[in-house]
Structures are given as structure tokens and as C-alpha cells.
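You will see subunit A twice below: alongside subunit B first, and alongside subunit C after that.
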Partner chain A sequence: MTEKVVVLGAGTGGLVAANLLVSHGYDVTLVEKKDYHLFQPGMLWIAFQGHDPSKYMRRVDTLVKPGVNLLKDTVESIDLNERTVKLESGKTLDYDKLIIALGVSYDYDSVPGHRQLWETYGDYFSGPEHAQRLWKHVSSLREGKLVLAAADPLYKCPPAPHKAAFLSSYTLKKMGRKDKVEVILALPFIHAYPSETMAKIVEPKLEEAGVTVMTMFTVESIDVENKKIYSMEGEELEYDVAAVIPINKGPQIEITPDSVKDEDGFIKVNKYTLEVEGFDDVYAIGDCNNTPTSKTGVTAHLGAEVVVDRILGYDAKFTGRTNCPIVANGTATFVISSYEHPVIPVKFSKFKRMLEDLFIAAYWSSLRDPEKWRSVFKAYFEATDPTKLGESGW
Partner chain B sequence: MSERDPLAQLLTELENPEFQEALSKLLELVKNLEKSGLLDMLVAITEPEVINRIFDMVITTGTMKLGDSIEGLLNKLGDVAEALQEDVKPASLSELIASLKDPEVAKGLGRLIALLKALGK
Partner chain C sequence: MSEKIVVDARGTACPGPITKLVRAYRQAKNGDIIEVLATDPGFKPDVQAWVKRTGNELVELTEENGVIKAVIKVTAKK
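Coming up: the complex of A and B.
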């Protein structure tokens, strides 16, 4: 009998897993509530350079291989003991193997004033329409302060605010407003980047771009009427336009047993096998799990490959490898680390920007036909393994 | 993102003279590739298995580092080409030793030693 695999969520991890499994003859059902898949880093280009959202969106049905049973529905609850998934439509799915790839959810209510700020200015995390709202404000900011901050040090895509700062400063320069608008990057870290090694590389680049960096600034409350942001560390910042990264939480669905979720709702997994704690027939990949690595598309993609290999019977292990790009003007760098290896120094270069452009160009194809890209990605990740690049980095 | 029938969309595109011109050039290219036998070769090397082997050979730690330094290397080559154009008189051993006081020469010599070390690894 064909094994029945249910995949929840058609983000990067969910699509890669579903498309790989269907090529191996599994009976795959993919549940997704939205019609469109969004290339999430695209929100930065929408919000800070005014790109058209359609460039970063594709219909989910064009991204699944024939044979994948795509259900447009919302997951309501999962019962791991009963092996069932309840959907909003009333349908109940049963499975032999379950892959949870539901991403994060955003909390705009824990920080006073945050929801109002988000409704006013938008942000570059929650969706293309919110990124477009932010662009409207950024592009019409003639003078004053553009503040980019975060409500919690743990958020997905650690270099997102840095990219936001670079992209907005280049946009303002192009518009001839660089001297009139100050870009302030207020971060909840000791250095300009969570890893000190990368902070040393990113800091001079931010300075070159004319970005003001404020460290140890964790947003505690926002006064939208008076346009002020207060930090837990006791500082305050005035703004004219501001975007604050929301607190990231696990997916908002009921799971039985509740004990598989940590206090923030992230699903507890074995960090190597990505099996949900206590259940060898359930996996959680990408942003929704509690692995101690960055939450990015790359980790979701690599996690999906590991889970598929495990379902196929191989003893594959997730290494926690990251490859987070930081894009500056014409150059880029990657934040490279793994469970076994702390972040290595990686310089900005034009070559890395070209590699990043190639990764983006291959994105849609790598979701639809992940098996075709496996060897290329494998060669790249092996070539840039932190151990191979060495302490001197890249 | 369009939800239109892809075939209808293609037909509309075909009405575009710019597209027609590009397409006729593309056909010309295909004809030339076929005549020269290169098309057969392209078909063979774009087989997934061959592509994988090519990527495996091309994407290495060495090439990743090389790619990163290409910009610097090309600039250096430009400087070298310029130096080759310069009119110089033959140098004696004492002049060679004296030239080591020049910080640029000393740095260049340092680079040469590093290069020798890398070659000997």
C-alpha cells in the first residue's frame, strides 16, 4: 500500500517536501490556506525599493507537481495520537506520515502600540500588502527619521533589518534625500549583528551607507500619537516612519498533545532528525520548529530534504546550516554557520551578490523541481561548508 | 501571476513584431547549431547526469574563493599590464637589494613568498 503523507503549509519547506515525495511515488496531500506562495525576501524590495509584489508571488497550484493533492484549506487542529488533521472546511485527514511546515505567526499585541504602528505604516514581514503600505510611507518621507527596529531578538531571517537599512538608504540616496532622512537601525543585540564575527564585517558597510546603528534597543512600547518608540533598556527614539519586526511565535493551531509545543508555540523536534518529540511519524520543518538555528528559506529547504530522505529510509541528519544573504549596494555576503560550527567571517563581494542573484533566479524552479537542484545545492553547501572554508572564512 | 490561458497568452505574444524578430533569430541560431553539430553536443551535456557532474567539478571551495577574488585579481592584472608598458633599464643585483627599501617592492616580495608557500602546499 502506498504510504500516505500529509504536508501542512506550502511555504518553501512544505513545497520542497511535497514535490520530492510525489516523485518517489508517495500519496501526498498538501494543505495550504492561501492561493499564492510568496518569496518572502521579496517583501524587502517591495517595502524599500517599490517593486511590484507580483514579481515575488506565484500561484501555489503552479508550484506543485502533478500528483500532489493540493487542498485549499486552513488547518484547525492536529491530533498526533489519533493521527488526524482537522481542517476548517470540516474535513479530517489521516496520515501515515505528517510534515508540519506552517511557519511562524506574528504577535502584534504584546507590545503596546505595535498593532497601531503596523496598521499605519505596515512592515516587511507580514505580507506584500503591508510591505506596499510601508513603501508608500518610505517613498513619501521627505525629511526626518526612518526607524527600523525589532520587538524581540529572536525573529526569522536575522539579517532582514540590515537589508532593510541598506535598501532604504540606497533608495533615499537615489531620491536625493539622503541628507534629509536619517535611517536608524535599532537592534536588540550587543553588536550590529547577533554574531560578533559578522558584526565586524557588517558595521563598516552600514557606516558607509550612512545608516545610524543603535544597539541594545528592544522595543517595549510604541506611542504612535507622539511618534516615539521606547526600549526595554530605557532608551527612546523619535520617528517619522517606523517598522518594527513583530514578535515571532509558533503556528496558532491546536496540537494534541500540547506538550510538543514550547512556551512560544514552536514545535519541539529532534534538531538532527526533525522528528517531533515523541512521534517518529511526524516532522516539523522550517520556521515552525524549535531548532537552534536561523529561521530562513535555506534551513526550510534543507530540512525538507532531510525529512524526505528519512521517510525514504536513509539516516539523513539536519546540520543546522545557514546561508543568510545580506545584500548591500551591488555586493552581498552570507551568514554561514551550522550546529557544529559558529559563524565564520564572510566578506561582502560582487561575486557573492551574483551568487545570490542566481539563487533568487532559481527559486521557483527549486520549489517545483527540487530534485533537479539537489546536486547543485549539495555542491554549493559542501564547497562553502564552514569547516572547509576555515577560520579565515570566505 | 496571470490566470489567463497560457496558450492564448502565447498567441498574443506571437503577434508582437519584436517577439517575431527575436524568434526568427532564435531559429537561425538553432539552424546554425544544428549545421555545426553543436546542437547534438548541447543536448548531450544538458542531460541532468552530465550537468550534475559539471556542477560538482565547478562548485568547489577553491572556485568559490577564486570567484570572490576575481575582481581584485583583474585589477592587479591591469596594474601588471601597465607596468609591462613602462620603459625600464636593466637592474643590477645591488639595485635589486636597494629596491627592497621601497615599501611596494617589499610588499610585492611578501606576496611572492606567500604565493610560493601556497604552491608548495
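Coming up: the complex of A and C.
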């Protein structure tokens, strides 16, 4: 009998898992509430360089292989004991294997003033329409301060605010406003980047771009009337336009048993097998799980491959590998680490920018036809394995 | 009532143990104790820098068998 796999969420992880499994002959049902898949880093280019959102969106039904049963629906609850998934439409699905790939949810209400700030200026995390709102404010800022901050150190894509700082400073330069608008990057970390190794490489680039860096600044409250942001560490910042990364939490769905969620709603998994704690027929991949690694598309993609291999019967293990790109004026670098090895020093280069542009160009294809890209990515990840590159880096 | 909050950040890759400390700090109140366990060697200077900036009290910073233990008394919350 064909094994029935239900995949929840058509983000990077969900699409890769569903498309790989269907090509291995599994009976795959993919549940997604939205019509469009968004290439999330695209929000940076929408918000800070005015790109058109359509460039970064594709209809989900064009990204699934024939044979995948795509359901447009919202997940309401999951019962891991009963092996059922309840959907908003009233439908109930049962499964032999379940893959949860529901991403994060955003909390704009725990930080006073945050919702009002977000409604006013938008941000580059919550969706293309909000990124467009931010672009309106950034592109019309004639003078003053553009503040890029975070409400919590645990957010998707650790270098996102750094990319935001680079992209906005280039835009302002192009508009001839570089001397009139100060870009301030204020983040919770001890150094300019979470990892000190990469901070040493990124900080001079930020300086070169004219970005003011503030460390140990975690947003505690926002006074929208007086345009001030206060930090948990006891400091304050004035702004003219500000984007604050929201607190990231696990998916807002009911799961039985509740004990598989941690205090922030992230789903507790074995960090190597990605099996949900206590259930060998359920996996959680990508941003929604509690693995101690960065929340990025790359980790979701690699996690999906591991889970598919495990369903096929191989003893595959997730390595916690990150490959977070940081782009700056014609160059790029990657933040490379794994469970086995902390972040290694990787310098900015034009060659790495070319690689990143290739990865972006391959994005849609890598979702729909992940099997075609496996050998390419495998070679890349083996060649850039942090345990092999070591302290001398790349 | 003061509480003791234990943060286990052992084996945490990027973005690292300081993330967990900052998150615990948001929930904490003056008088609470935050105990962080970490294996990332960078955590030692990081926690010292964090305590200096925030004005909280570093009660203990030790390393045993590759595990760094930092005990912080929360004193600087507004």
C-alpha cells in the first residue's frame, strides 16, 4: 500500500519535501492557505530598493509537481496521537507520515507601540504589502534617521537587518541623500553580527557604507507619537522612519499533545532526525522547529531532504548547516556554520555574489524540481563544509 | 518572589547562547537569578560585555569540562 504523507505548509521546506516524495511514488497531500509562495529575501529588495513584489512571488500550484494533492486550506489543529489534521474547511486528514513545515508567526503585541509602528511604516518580514509600505517611507525620507532594529535576537535570517542596512544605504546614496539620512542598525547582539568571527568581516563593510551600528539594543518599547525607541538594555533612539523585526514565535495552531511545543510555540524535535519529540511518524522542518540553528530557507531545504531520506529508510541526519548570504555593493559573503563547527570566517567577494545570484536564479526550479539540484547543492555544501574549511575560512 | 531561571544554551550554533540570555532577561525582574550554560567559547567575553553594558551583576563565571556557566543577578531592570 502506498504510504500517505501529509505536508503542512508550502514554504521552502514543505515544497521541497512534497515534490521529492511524490517523485518517489508517495501519496502526498500538501496543505497551504495562501495562493502564492513568496521568496522571502525578496522583501528586502521591495522595501529598500523599490522592486516589484511580483518578481518574488509565484502561484503555489505552479510550484508543485503533478501528483501532489494540493489543498488550499488552513490548518486548525493536529492530533499526533490520533494521527489526524483538522482543517478550517471542516475536512480531516489522516496520515502515515506527517511533515510540519508551518514556519513562524509574528508577535506585534508584546512590545508596546510595535503594532502601531508596523501599521505606520511596515517592515521587511511580514509580507510584500508591508515591505511596499516601508519602501514608500524610505524612498520619501529626505533627511533624518532610518532605524533598523529588532524586538528579539531570535528571528529568521540573522543577516536580514544587515542586508537591509546595506541596501538602504546604497539607495540613499543613489538618491543623493547619504549625507542627510543616517542609517542606524541597532541589534541585540554583542558585536555587529551575532557571530564575532563574521562581525570582524561585516563591520568594516558597514562602516564603508556609512551605517551607524549600535550593539546590545533589544527593543523594549516604542513611542510612536514622539518617534523614540527604548531598549531593554536601557538606551533610547530617535527615528524618522523605523522598521523593527517582530518577535518570532512558533505556528499558531493547536497540537495534541501540547508538550511537543516549547514556551514560544516552536515544535520540539530531535536536532538530527527532525522527528517530533516522542513521535517517529511526525517531522517538523524549517523555521517552525526548535533546532539550535539559524532559521533560513537553506536550513528548511536541507531539513526537507533529510526527512525525505528518513522516510525512504535512510539514516540521514540534519547537520544544522547554515549558509546565510550577506550581500553588499556588488559582493557577498555567507555565514557558514553547523552543529559540529561554529561560524567560520568567510570574506566578501564578487565570486560569492555570483554564487548567491545563481542560488536566487535557481530558487523556483529548486523548489519544483529539487531532485535536479541535489547533486549541485551537495557538491557546494561539501566543498564549503565548515569542519573542512576550518579557522582559515574561505 | 525572586526566581532562578536556568538557560541551557549548550550546543547552540549561530546565532548563539547570548540570544537565549537576552530572551530570559526580557522575562526576568530585579532580584531574579539567570544561570546560563554554554559550550560556545565566545560566550565568556560576550557575557562580560553584556553585563557591563546592561549594568546587571555577574555573580559567577566558570568553565568546567568545556561547559561555561554564567550566573547573573538581575539588578538593572526598570
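Going forward, the second predicted complex is superposed on the first by the 394 of 394 C-alpha atoms of A that agree within 3 Å, B and C clash if a C-alpha of one lies under 4 Å from a C-alpha of the other, contacts with A are read in each partner's own complex, and residues count from 1 in each chain.
Basically, contacts are C-beta pairs under 8 Å (C-beta built on N, C-alpha and C of every residue); 3 or more make two chains touch, one makes a residue touch a chain.
Remember, it's a predicted structure, so these values are computed and weren't measured experimentally.
Once subunit A is used to superpose the two complexes, subunit B occupies space next to subunit C without a clash.
In the superposition on chain A, contact is made by A:152 with subunit C only, not with subunit B. In the superposition on chain A, A:57 contacts subunit B only, with no contact to subunit C. Comparing subunit B with subunit C, the partner in contact with more residues of subunit A is C. Looking at the shared chain after the overlay, A:363 reaches neither subunit B nor subunit C. Contacts of A:190 after superposition on the shared chain: subunit C is touched, whereas subunit B is not.
Within the superposed three-chain model, A:383 lies in touch with subunit B and out of touch with subunit C [touch as defined at top].
In the superposition on chain A, A:375 makes contact with subunit B only, while subunit C stays out of contact range.
With chain A used as the common frame, subunit B approaches subunit C to a shortest CA-CA distance of 22 Å. Common to the subunit B and subunit C interfaces on subunit A is no residue.
Residues 1, 3, 48, 51-52, 55-56, 58-61, 63-65, 67-68, 70-71 of subunit B are the ones that touch subunit A when the two sit in their complex. Subunit A meets subunit B in the complex at residues 36, 54, 57-59, 347, 349-352, 354-355, 372, 375-376, 379-380, 383-385, 388-389, 394.
On the side of subunit C, the complex with subunit A involves touching residues 9, 11-16, 18-19, 22-23, 25-26, 40, 42, 46, 49-50, 53-55, 76, 78. If you check the complex, the residues on subunit A that touch subunit C are 152-154, 158, 188-190, 194-196, 215-216, 218, 220, 232-234, 271, 292-294, 320, 322, 324, 335, 337-339, 342-343.
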